[in-house]
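Okay, so chain A shows up in both of these, paired with chain B first and chain C after.
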Partner chain A sequence: MQLRLEKRAQPSRTMLYAAPILAVLLTMVVGAILFSVIGYDGIGAVLEIFTRPLTNPLKWQDLGVKAAPLIIIGVGLSIAYRANVWNIGAEGQYVAGALGGTAVALLTMKMQGPWILPAMILFGILAGMALAAIPAFLKTQFDVNEILTTLMLNYAVVQLLYFLLRTVWKDPMGFSFPKTPLFTASQSLPYLWPGTILHWGVPIALLVAVLAWFVMSRSVFGFQVRVVGSAPHAARYGGFSAKRAIWLVMLVSGGLAGLAGVLEAAGPFRQLVPAFPTGYGFTAIIVAFLGRLNPLGVVIAGIVLAISYVGGEVAQTTMGLPSAATGIFQGMLLFFLLAGDVLVRYRVRAVSTRASGETA
Partner chain B sequence: MGTDQKPRLELSGITKRFPGVLANDNVSFAVQPGAIHALLGENGAGKSTLVKMIYGIMSPDAGDIRWNGEVIRVANPKAARKLGIGMVFQHFSLFEALTVLENIALGMDAKIPARELEARIRQVMDQYGLKLDPHRTVSTLSVGERQRIEIVRALLLNPKLLIMDEPTSVLTPQEVDQLFIVLRKLAAEGCSILYISHKLHEIKALCDTATILRGGKLVDTCDPKVETSRSMAEKMIGGNLKSIEKPQGRSLGTEKFVVNRLNLPAIGHFGTALKDITFTVRAGEIFGIAGVAGNGQTALLLALSGEEPVDDAGAITLDGVPLGTLDAKRRRLEGLAAVPEERNGHAAVPDFTLWDNAVLTARDRLGLALSGFIQPRAARKYAGEVISAFSVKATGTEAVAGSLSGGNLQKYIMGREILQKPTALVVSQPTWGVDAGAAAAIHQSLVDLAGAGSSIIVISQDLDELLSLCDTLAVINGGRLSKPMRVSEADINEIGLLMGGVHGTPQETHIESGAVHAVTA
Partner chain C sequence: MTIEFAIAIIFAIVLVASPILLAGLGELVVEKAGVLNLGVEGMMLIGAVTGFAVTSSFGSPWLGTLAAAMAGATASMIFGFLTLTLAANQVATGLALTIFGGGFSALAGKAFLGKTVPAFTQLFPSPLATDPIWRVVFGYSPLVYFSLAMCIGVAWFLKSTRAGLILRAVGENDLSAHSIGYSVTGVRYAAVAFGGAMAGIAGSMFSLVLTPIWAEGLTAGRGWIALALVVFAAWKPYRLLVGAYLFGAVMTLEVHAKAAGGVFSALPSELWAALPYLMTIIVLVIISLRRSGNSVAPACLGKPFLPTI
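Let's look at the complex of A and B:
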């Protein structure tokens, strides 16, 4: 007896949706074993990370605040990945968005008015787009691989953030700490309800996801993105330009990462500090894949990843789990997800070794 | 080769079941040593499944395979090759970025030093008259040239049984003749050949025995030299074959589709540049473009469809409207539709549903997308119309294009373009790898569209197809198009010479077929 992978006649829709669930379950099982082996209460740790954030109503707000940027960035990435454009630079575009918004904030420190926050958001989006335009230009003009250019720009932008915080943007009243002044009330994202930490970024994230879903499934733009990603020759035959699609998805994914960045700066942070980049742009890659590159799936995936963040923090305080635990769980999740995706196109079949063979 | 000799290969009671389909149902026949044995059947008749079991890719659920009289189990293709079974697949497994030599080296079970392998490859190519440069990159080769790699690869193993899956679907008469010489030579040397095809006259010309499959069952094993093409076709289809009905004595209308000095630089390193392509197609006319694979047909289709627009707007005009600079979408709006030869990934998106694939080309002309939004209801309705008008076998408009058989997908694609009532339609290899029933339906639909007054351009390497279908014919060679000739007055020898690159000028007469490079003067 041996197990063999057999190609399915058609990709399985069941497995398409079952694979993420399978990946989450496998992550929990393997995580429990892993932490047991290194001397923790493995099952307890997994329960702490994956259920405490859900059972404790106090943590729900945290979930919303963590999920919002993941969802906004993840929606953008899911659109780019649908077109086979591998934007790995969301972290940089996210920081760029915060830089764009902060630039407006620092210029309007002494002003007031309801236009300031929208202007910050606009410049945040534009900054994210501008950063994404560099790889888009290089790819469409010189066929430079966007995976490398987007990835490398992440580090360039983070260095730019450090440079600005230590020089021109440093708060003169900040005791030489590398940080900007706190944003004024006109520059801050209001809370949904007083007394909570839920800010307007949360409903914006949901709105972005629903809009993106509608555009991707119903519009010619979404159709174009899907065709370019699935069959580039067919796209050109259908009258779609691959270059145009690359530009569009890079600008959309960069713009949405920028939006997430400026919302995060104007929301939870209310200033820029060196600790601003927290890896949302990288985690959102997992979110996009876990959400099956479907904007509505991204919402669920964003919440799952937010659980791992919030739960990881809980487990740090209650069980003394290392902070790397969150990263381990997130890494395993992506690993199992990509591995599980094999089952979408293949099925596992037990065959007797006597009559075994290779698949062509 | 006495009659008392054991068959080289004998199948008895072979049965193979897939979920929902009985692909082979109790199939038994024998292939004699040195025989050229045809395996005949429509797409989906179970031919490929059967040979995959012989070649060890799959194993039968029931039944025995005997090799020289002994029952064997072919565990995998490597084991098959060890026995002396070689196979040339219809879909090649080649790495595009690697050279011919590297591809062959990768496919060898034994490690052979590159220089020695090259010497052996050259020897096999000389022995069988197969022309190929071992150092060319595969991505730059035509389909016909790629097939030669697969043949050389199989021949290097000195096979005792060679399985050929639809080998001539992309070859010219001369190339087919050449292939047949190779196959006959092999057979004379004692190698058995299992020849899968549905081109009946080829089977009549080449094969000693023919086994006909229909719906997974063996219908008949007969002598193709005794049978007529028609009688075999009817056994294959299981009904009466419809021949193309061309309205007699129809007159052609005014000049409609005019290509005037169309030039396109070579795409890629070894692509073929188009040079001063000029022809005119009248209303109701079917214009054929013959030629050996790799002589600019791909570039010509891309230039005509709008996938590769040119700088000169007037190079292509339809009813006087210049289209040269427009992209595919705008050309379609002007009434020029096209169907490329590659179905999966070019003419259709394999992962998409049939109605999504209708949106791909019909969205503007038929309003399947309005002000930037897709109209799923209209798209499903249109896809349904195409399916029923062209008898496409599919589970419905939600079926994924990649799940259809080649013939059915081609019928769907042709139907999708034809029902849009284009003023001019360019098709490339419309019946490549399509069974006889579907091919007849596609040919009839082209004749009907011409009858309705459209201009049709058929680019094909299947000369028989062009001769039976077209009113006018020209030959493309090295990116140049010959003078058009009326099919009724055409001389097959002259066409053959034109396809081989003889244009009368001394420099061009020695260009070998299939290896014509773009020459920039």
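Let's look at the complex of A and C:
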């Protein structure tokens, strides 16, 4: 007897939705074992990371604030990945968005008015799009692999951030620390309710997800993206331009990452500091996959990953668990999800060894 | 420019180029077998922390390097199982391996922050190895000579051995290789394990030779540059050697730019830091311009293979 994978005629819908749940559960179990092995209270750590942010109402706001950028970036990436365009430069596009918004903020330091924040957001989106346009151009014109170009630009943009903070954008009153001045009231994202840390980025994230879901499932654009990704030949016969799809999904995913960046800069940070890039652009890759490349699924996945961040911080203070533990959980989550996905496309069959002995 | 200064620069170039060469050679073999493993950076970090931990605990950098190779190979088997046995998406799995490797190495390395490790002993007798001129030939870490030997070895293996021919066949036409009776999955597992071991050694070169301390994320994206260099080299080991040394030169410029004075010191240090990454993009464009249509990539690169009969 041996187990053999057999291709399903149709991908299993049950498994499509069961796989992420299975992946989260397996991550918790294996995480508990792993952390017990290296000398922590494994079960306690897992409970602390995955349940404490949910059971403690004080942490709900943190969840919203952490989930918002993950959802916004994740929605963009889910659209790109649907078209088989591997934008892994969201981290750089996120930073670019913050740079675009901050450029406007520094020019309007002495001004006031309700137009300033929208102008910052607009320039943030445009900056994210501009950075994503480079790999889109190289991919469509010269057939250069977008995985490598988007990734390389991440490193380059972070250096640009360091350069600006060290030189022209440095706060003259900042005791020579490399950081910009604090944004003014007209340049900051307002809170939803006074006394909370929930800012307008949270409802914007939900709005982005719903809009994206509508566009992807109900519009010709969404249909074209899906066809270009899943059946490139059919797309060519259907007259859909693959190049156009690459441009569109790169601009959309770059623009959304830029939006997340400018919202983060104008919201929780209210200035730019060297520690601004925190890896949301990479975590959003996991969010996109966990959300099944579906904008509404991305909302749930964004919350799950936000739980792991917030819970990781809780475990850091209460149990002394290192911050790197979050990365391990996130990596494992993606491993288990990808392993579980095999059940979507294949059926596990037990076959007798004698019958298949020749080719096994 | 004095001769000593020139030698110091050559010495530095060779040193920073070697881990990229090692990781690139591993990935080259993996891709020749038709598999795209984007987890090089993660496997390098796992190798770096393992090599450092073992060397720090047992006092032998040789043992540390061996452990790093085994750790890299073990990590690559996670990737192998997911992509080869379960036919998972290779791009996503490689990314997961890089994220996991970053977290794992940071956690495992926490106990070794601030510690030091004993250095490799010189391979050649000290009059040669420490001579101010001749050290440019004889004075490197043993891992540098290892990387050169592996370059010759991999080139010979792929070009002149039967096993190398089978590996290339598996990468070019998996169905044919399967129907002749070769185990496509088996060959790919072996290639992925080799790639993992090489990435592990490359990582240990960072923590044992280059820095030599443990710091979170100390490979700083060099694994990704190694991946790009494989494309740059058009999957040819000797071109990979040239590419790695070219990049080593750019990275060394960054360090020596200030000292050199003149136009170099006028440029901001951040530009130098970004240069290897920007250069990678430019190089990729140049390759695709020269390629003009017919690709030299292994035909089955990145495609999953599951035997159906």
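The rule is simple: the second predicted complex is superposed on the first by the 355 of 360 C-alpha atoms of A that agree within 3 Å, B and C clash if a C-alpha of one lies under 4 Å from a C-alpha of the other, contacts with A are read in each partner's own complex, and residues count from 1 in each chain.
Criterion: a residue touches a chain if its C-beta (ideal position, glycine included) is under 8 Å from a C-beta of that chain, and two chains touch if they have at least 3 such contacts.
This is a predicted model, so every value here is computed, not measured.
Engineer: Which holds for A:Arg236: it touches chain B only (first), chain C only (second), both, or neither?
Structural biologist: The answer is first: A:Arg236 touches chain B but not chain C.
Engineer: Just chain B (first), just chain C (second), both, or neither: which does A:Asp341 touch?
Structural biologist: In the superposed model, A:Asp341 contacts chain C only, not chain B.
Engineer: Touching A:Val220, do we find chain B (first), chain C (second), both, or neither?
Structural biologist: After superposing on A, A:Val220 lies in contact with chain B but is clear of chain C.
Engineer: Which partner chains sit in contact with A:Arg52 here, chain B, chain C, both or neither? Use first/second/both/neither.
Structural biologist: A:Arg52 contacts neither chain B nor chain C.
Engineer: After the superposition on A, what does A:Phe289 contact: first (chain B), second (chain C), both or neither?
Structural biologist: Once the two structures are laid over each other on A, A:Phe289 reaches chain C alone.
Engineer: After the superposition on A, what does A:Lys170 contact: first (chain B), second (chain C), both or neither?
Structural biologist: Neither partner.
Engineer: Residues of chain A touched: more by chain B or chain C?
Structural biologist: Counting residues of chain A touched by each partner, the higher count goes to C.
Engineer: Intersection of chain A residues contacting chain B with those contacting chain C?
Structural biologist: Common to the two interfaces on chain A: residues 359.
Engineer: Which residues of chain C touch chain A in their complex?
Structural biologist: Going through chain C, the ones touching chain A are 38, 42, 78, 81-82, 86-89, 91-93, 95-97, 99-108, 110, 216, 221, 224, 227-228, 231, 268, 270-271, 273-274, 277-278, 280-281, 284-285, 288-289, 306-309.
Engineer: Could you pull out which chain B residues touch chain A in their complex?
Structural biologist: My answer: residues 18-19, 52, 56-59, 73-78, 93, 305-307, 327-330, 332, 338, 340, 342, 345-352, 356, 359-361, 363, 369, 372-374, 376, 400, 402-403.
Engineer: Spell out the residues on chain A that touch chain C in their complex, using ranges where they run on.
Structural biologist: 5, 7, 38, 86, 88, 134, 138, 142-145, 147-149, 151-153, 155-156, 159-160, 162-163, 166-167, 282, 285-286, 289, 322-332, 334-335, 338-339, 341-342, 345-346, 359
Engineer: Which residues of chain A touch chain B once you look at their complex with the stated criterion?
Structural biologist: 9-11, 218-221, 223, 226-227, 230-231, 233-234, 236-241, 354-360
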